[in-house]
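Below: one structure in structure tokens.
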Amino acid sequence: MINRIIRQIQRYKGWFGGAAALCIFLGLYIGLLASPPDYYQGELVRIMYVHVPLAHTSTMAYSVLFFGSIWYLWKRDPLVDNMCQASASICALFTTLALITGSIWAKPTWNTWWTWDPRLVSFTVLLLILGGYIMLRRLVDDPVQGGRYAAILAIVGGIDLPIIKFSVEWWRTLHQPMSFSTRGVSISEDILVPLTLMSIGCWLLFAYMVMVRTQILYLTDLLHAKKGRFLSQTHFSQTTP
Amino acid sequence: MTGLYTRWALILGATLLLAILTYQHYQQHLSTLSMGTLLGTPPVTQPVRIQGMVKSGTLQGDVEHGQATFEFVDGAASLTVEYQGPPLENIRELKTLVLIGRWDSQAQVFKAQDTALINNFGFVAAAYLISVMALGWMVFAMSQRVMVLFKEIKESKLYEPEADSLGHKE
Amino acid sequence: MPFFKTIRWVVWKDLISEWRTRETMSSMLFFALIVILVFSFSFSMDQDAARQLIAGIIWVAFTFTGIIGLGKSFTSELQNDCLESLQMCPAPKGAIYLGKVAANFLFMLSVEILLFPLFVLFFNLDVIEAVGTLLIIFSLATLGLAAVGTLFSALTVQIRAREVMLPVLLLPLAIPVMIAAVEATRGALSGDPFSFYSQWIQLLIIFDIIFTVVSFWLFEFILDS
């Protein structure tokens, strides 16, 4: 069933890409030029318009990976496995960018590039888990076995991440009471418009990227199969009922 | 292949346009003159923006009603400021901020009408550049890869199983 | 009761083979000794500094030695194709997992119990009243490490670069155990009332329950071929 849904969405992925480009350009224009600077943060608030959507999208990408992995272990659909692999590497990109932009925002605001804030720590751990996931996939020769192992890692990581965030929060409040609130932004109308646009744009972009990446993995399998290197699982399951 | 490159040329063009517009906006509304440049050049009539720090012990006047005089320092240079404008809520001694106003070269006084927070536009530009370039490059590389794969699949020959020792094919 | 019988046999098998070779325990002990020495050289500590740092040092040493033990737990099965036999064994896979967790837990905990007196000796700790609580903390945290670690030990044993991948995959996931264990140990060592650090023990219990259940369910997919 989900196989068919992915295929349907694949067919219209160009629309996702176009809509993403539109939203992001509009969001960039409003965020950079048309919106007024924030009262407290000044021009720095503009970093939020890229940072927050990137961070949201990376959590969304991990949820896609998490539920996709559960689905894969349950139904063993190779296309879902390809999708999980695609969203893992894209999630890693979004997480890295979210961390970098967050760090750039923190320097002028909190006068430090890095602080042991629960969110920062859980995002870093997320990046470490994704790094492990990508390495794991490369180190296993059999693609089916690799998919299974990677799915196990993604599920354990998905359950662990909320616990990590929670425990770091406890640990922080115990040791150094937070000298600054993480929520430096009070949401006002001016902020909301570019933020929403960029968020929607990033989500669409993520959907588009996952589809293109899934297609790449699928086509690579097809190429290998055509050259006779090994029988592609993806295509094998298509021909057998 | 050409369709892909046309699309990406359009995207690149739009990004460049946005970058140029932003740069102009920055030049006109956000960039600050250094104090040395302000004092060195012939008097300018339109309002300018200068960045500096309120010197300690010099802030006088009724800040809550938008009137104040103070010494404004930027490195070695300093000048006297007469502020008259909206109430200054977040001004205090040793505060770094941006003043908008005119330089009165006869009286040697900077007549400020408004303030702004210091703009760290470098940080904003860095954040935008890094994320836009990384995402753009990634998406571009991926779409290009799809095209290359399609081409390769079309060109590659179908695998023929090798004949076994008796000459039969599998 | 084939389920509990399987658990018992797996534990028994691991204990017997460990008793005959004494490979895992001795390498863990030596490694831990070296870690302790390195730490005492790299921080020149007085009494106060030691009190601040000791909980962290204890747990770094325990975790790294634990990883050695966990790695050995499945690499030893590679000899004589024992892993294939385990895979083909008609016993429930979950029971094999629980047996392995129990064996790893026993190895790790006994190494910790052997090492702890050395920490007391080297760093002049005052622990007489806290021994009971410390034992509870050690057991809970070791159970958490063993629960996740056994899963990943089985997972990494069949891939390339397994010695590197086990810590790379395990350590980020073990962060809650580390934080909770270090905080609870620090509390117990500095003689705080139990209510000060009981929240960390609760966190350990929650972690243990969640990850034993999750890994028990996921283990089936590792040994399934």
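As written, the chain order gives the labels A, B and C, with residue 1 at the start of each chain.
The rule is short, and it goes like this: a contact is a pair of C-beta atoms (placed from the backbone, for glycine too) under 8 Å apart; a residue touches a chain by one contact, two chains touch by 3 or more.
Since the structure is predicted, the reported quantities are computational estimates derived from the model, not experimental observations.
Chain A has the C-alpha centroid lying closest to the overall centroid of all protein C-alpha atoms shown. Comparing the centres of all chains, each the average of its CA atoms, the largest separation from chain A belongs to C. One finds 32 Å separating the Cα centroids of chain A and chain C. Computed from the mean C-alpha positions, the centre of chain B lies at a distance of 51 Å from the centre of chain C. Averaging C-alpha coordinates per chain places the centre of chain A 26 Å away from that of chain B.
Residue ranges on chain C touching chain A, taken from their complex, read 148, 151-152, 155, 158-161, 165, 168-169, 172-173, 175-176, 179-180, 183, 199-200, 203, 206-207, 210-211, 214-215, 218, 221-222, 224-225.
Residues 11, 14, 18, 21-22, 25, 30, 116-121, 123-124, 126-128, 130-132, 134-135, 138-139, 142-143, 145-146, 149-150, 152-153, 156, 158-161 of chain B are the ones that touch chain A when the two sit in their complex.
Per the touch definition, chain A reaches chain C in the complex via residues 73, 125, 128-129, 131-132, 135-136, 139-141, 145, 148-149, 151-153, 155-157, 159-160, 163-164, 166-168, 170-171, 174. Across the complex, chain A meets chain B through its residues 17, 21, 25, 28-29, 32-33, 37, 41-44, 46-47, 50-51, 54, 90, 93, 96-97, 100-101, 104-105, 107-108, 205, 208-209, 212-213, 215-216, 219-220, 222-223, 225-228.
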